[in-house]
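Structure incoming, see below.
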Amino acid sequence: MQTRRETLKQSALVAGMLAAAGFPQFANAAYNKAAFDAKTLQDVVKALGGSTVAESKDVTITGPDIAENGAVVPLSVATSLSGVKQMLVLVEKNPAAMVAMFNMTDSIEASFATRAKMGQSSDVYAVAIMADGKALFAKKEVKVTLGGCGG
Amino acid sequence: MADPMRIRAQASGDKATVRVLMSHEMESGQRKDAAGKLVPAWFIQEVSATLNGKPVMSAEWGPSVSKNPFLQFTVKGAKAGDKLAVTWKDTKGESRTDEATVS
Amino acid sequence: MNQSVGHNTKKIALALSLFVLSSVALAQKSSTDSIAEYRAMLQDGNPADLFEAKGEDLWKKARGPKNVSLEKCDLGKGAGVVKGAWVELPRFFSDTNRVQDLESRLVTCMQDLQGLNAEEINKTPFGKGEQANLTALATWISAESKGMKFNLPQGHIEERKMYEAGKRLFFMRSGPHDFACATCHSQDDKRIRLQDLPNLTKNPGAGNGFGAWPAYRVSNGQMWSAQLRLNDCYRQQRFPYPLFGSDATIALGVFMGVNGKGGEATAPAIKR
Amino acid sequence: MNRKHTLALTAIAAVFLTACAAPMPTSADLDKLAKDMASRSFRAQGQAKLDRLEQDEDNRLCSDADSKGVSVTEADAKAIEARNLASIKAPADGKYLGDFKAGEKVAQSGAGKTWTDKEDAPNGGNCYNCHQISQTELSYGTIGPSLYNYGKMRGVTDPTSATAKPIVEYTWGKIQNSRAYNACSSMPRFGHKAILTETQIKDVMALLLDPASPINK
């Protein structure tokens, strides 16, 4: 069995190799600042070049009804639809709505889980941007409470 | 240099579930320190993954992904023994790549 | 007639109050369930893993003025034995002639084997420099005992004295709020705000509570060692600042650990 | 068996059981051991000075009983309650109730008196840590009883009335110094230990007893 230390050494090696190759997978990536500055679902979709926005039963958002701490709110987004270009995770009442954007390829499923910070109780969204520019979403409410003794 | 990631990639059928933990502060740029000064934003902005060297996933993140981020995704056509590598790059231009073997 | 109306009103009032009570209970149950659900969602992917990996590396890495690893450190089960060490700590060590918990024992090893300065480490704030390393080490070492049962030794008289002292400190009410550890942690099924409070005087609370630290705190994204957990308890108790690795903190560890005998080690856990 | 014999037997048993080791100290010696341990295990930090480790007689008696798993003796309980009751003073202006909205804020706050709190910042009442109060706040503790509908359940419709006087005075006293009514209560002595100001206590009183307070709806 590989020890963690060996894994580390290997990782460093891999990092070196990838650095030498100039991170090919980042070559075309341009961070979409406008989308990450947008305050609303509509504006996020617009910044990503999308068109219509509609709720869809084929998109799912999973998260807790109540989060004991807003610093870490587990959220999963998924869809069974084909022809998805991007999957987004949004928290409506955060200073900027978009948490994460995943670019789809044929090699992955349209299903991602991550954890978001939430400043207050809010609706959270899973959004699938389709190849034709349509944005299909699902939403749910997550309440953020104060878990500790507040001291 | 940033601390290594923890990557678990488990094959089941013709796909593999990948779970990644990254060591990063993910400063939102909204938080004030003890002296009341705004702590500048510093977060992972780009994440990507390769399977046996071939790009399979890329993502862009904002400042509201939680500290020490967790990410889960599913790679099609991955089998035990395959090499799954994950790379992140943050707003300071720092980056880190770690690799795991699909089990 | 009048009487009958009065009777009916009373009945309605009673029905209404029952309705209010039961809806309160229902709302409460669902919020408790939701919190449990939230915690379950966090179990997969505990960032403590990151600290565990760092700790294992630190254990095996040659460091300090003497440039040696900690692989010869005796955590109570012989030099270099890590697995199972944590579920038997704190315990008496004859070389230092004192009962030590995991963290204070690690400091002894860091000084004796690696030539690091114990006093400096003890004075370093949590999460900084060698203290951050210490927490990572404790995270990995505790993880190596995951699933094992607590079995603190009580054979040495110093271990029994520490238990008795720990018990007295646990129940010691003082400070402006008259709080003791026992104020929050001596009854079953109590909560502070929404947080469940383990009863640390017996199992399952003692094993569950004591056996969960080091733990990753999602509220601040920090890895908290057992010493830091106790330190923050004392802060909220409005006591003065407990010295790192002090006898009072170790005595409390003995009291909780012995009470948790047979309980399962779950550290490193993930906590609010 | 008389005491002398018991002691002798215990000593013999101890010798056999622990072989060459020293026998276990007496309970009183262990009390001292714990006390000495406390005095060398802490340092002052911020406003949390070392004098906080010095227990008053009430805390000493209650802690001692707690660690033995018993209640304080009836005589001790009466003495504790009597001297704590004597510390309670009625409000200088005769007004027991303040503003319930401000009271809710005091009840919500768990701040104050820790080594990370500023000394001049207002202290909180920590009420929700242990009690359910408002129905809309789901994050409440269960160490103390629910205080939802506190005034309403006790039939308080006019807190200034003669009928409400006993419950108003009792509630005032309970917040000022809980040990006047329950010798070893876990509740902080908010007035006696100067945790809350008189204004803050009046505001919490209003939260509990004002018929207009949302908790009495």
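We just call them A, B, C and D in the order they show up, numbering each chain from 1.
Everything below uses one rule, namely that a contact is a pair of C-beta atoms (placed from the backbone, for glycine too) under 8 Å apart; a residue touches a chain by one contact, two chains touch by 3 or more.
The structure displayed is predicted, hence computed values, not measured ones.
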Task: Graph distance between chain B and chain D, where chains that touch are linked - done: 2
Open item on the list: Between A-B and B-C, which chain pair shares more contacting C-beta pairs?
Closed with: A-B
TODO: Could you work out which chain's C-alpha centre is the most distant one from the centre of chain B?
DONE: D
- [ ] Averaging the CA atoms per chain, pick out the one whose centre lands closest to the mean of every protein CA shown.
- [x] C
- [ ] State, to the nearest whole Å, the distance from the C-alpha centre of chain A to the C-alpha centre of chain B.
- [x] 12
TODO: Would you kindly tell me how far, in whole Å, the mean C-alpha position of chain D lies from that of chain A?
DONE: 47
Task: Chain centre separation (chain B, chain C; CA means) in Å - done: 30
TODO: Could you put a whole-Å number on the gap between the CA centroids of chain C and chain D?
DONE: 24
- [ ] Going through chain D residue by residue, note those that touch at least 2 other chains and give them in order.
- [x] 114, 126, 128-129, 138-139, 141
Task: Multi-chain contact residues (two or more partners), chain B - done: 4-5, 26, 66-67, 70, 72
Task: Overlap residues in chain A, where contacts from two or more other chains coincide - done: 8, 66, 71-72, 74, 115, 145-151
- [ ] Sort out for me which residues of chain B touch chain C in the complex.
- [x] 3-6, 19, 21-23, 25-26, 66-68, 70, 72
Task: Of all residues in chain C, those that touch chain A in their complex - done: 30-31, 34-35, 37-39, 41-42, 53, 56-57, 60, 192-195, 218-221, 235-236, 272
Task: Of all residues in chain B, those that touch chain A in their complex - done: 4-5, 15, 26, 28, 30, 45-46, 48, 50-51, 54-67, 69-77, 85, 87, 89, 95-101
- [ ] Report the residues of chain D in contact with chain C in the complex, numbered from low to high.
- [x] 18, 21-22, 24-25, 30-31, 33-35, 37-38, 40-45, 48-50, 52-55, 58-59, 62-63, 66-67, 113-116, 126, 128-130, 135, 138-143, 148, 186, 188-189, 193-195
Task: Complex contact set, residues of chain C against chain B - done: 44-47, 49-50, 53-54, 216, 218, 221
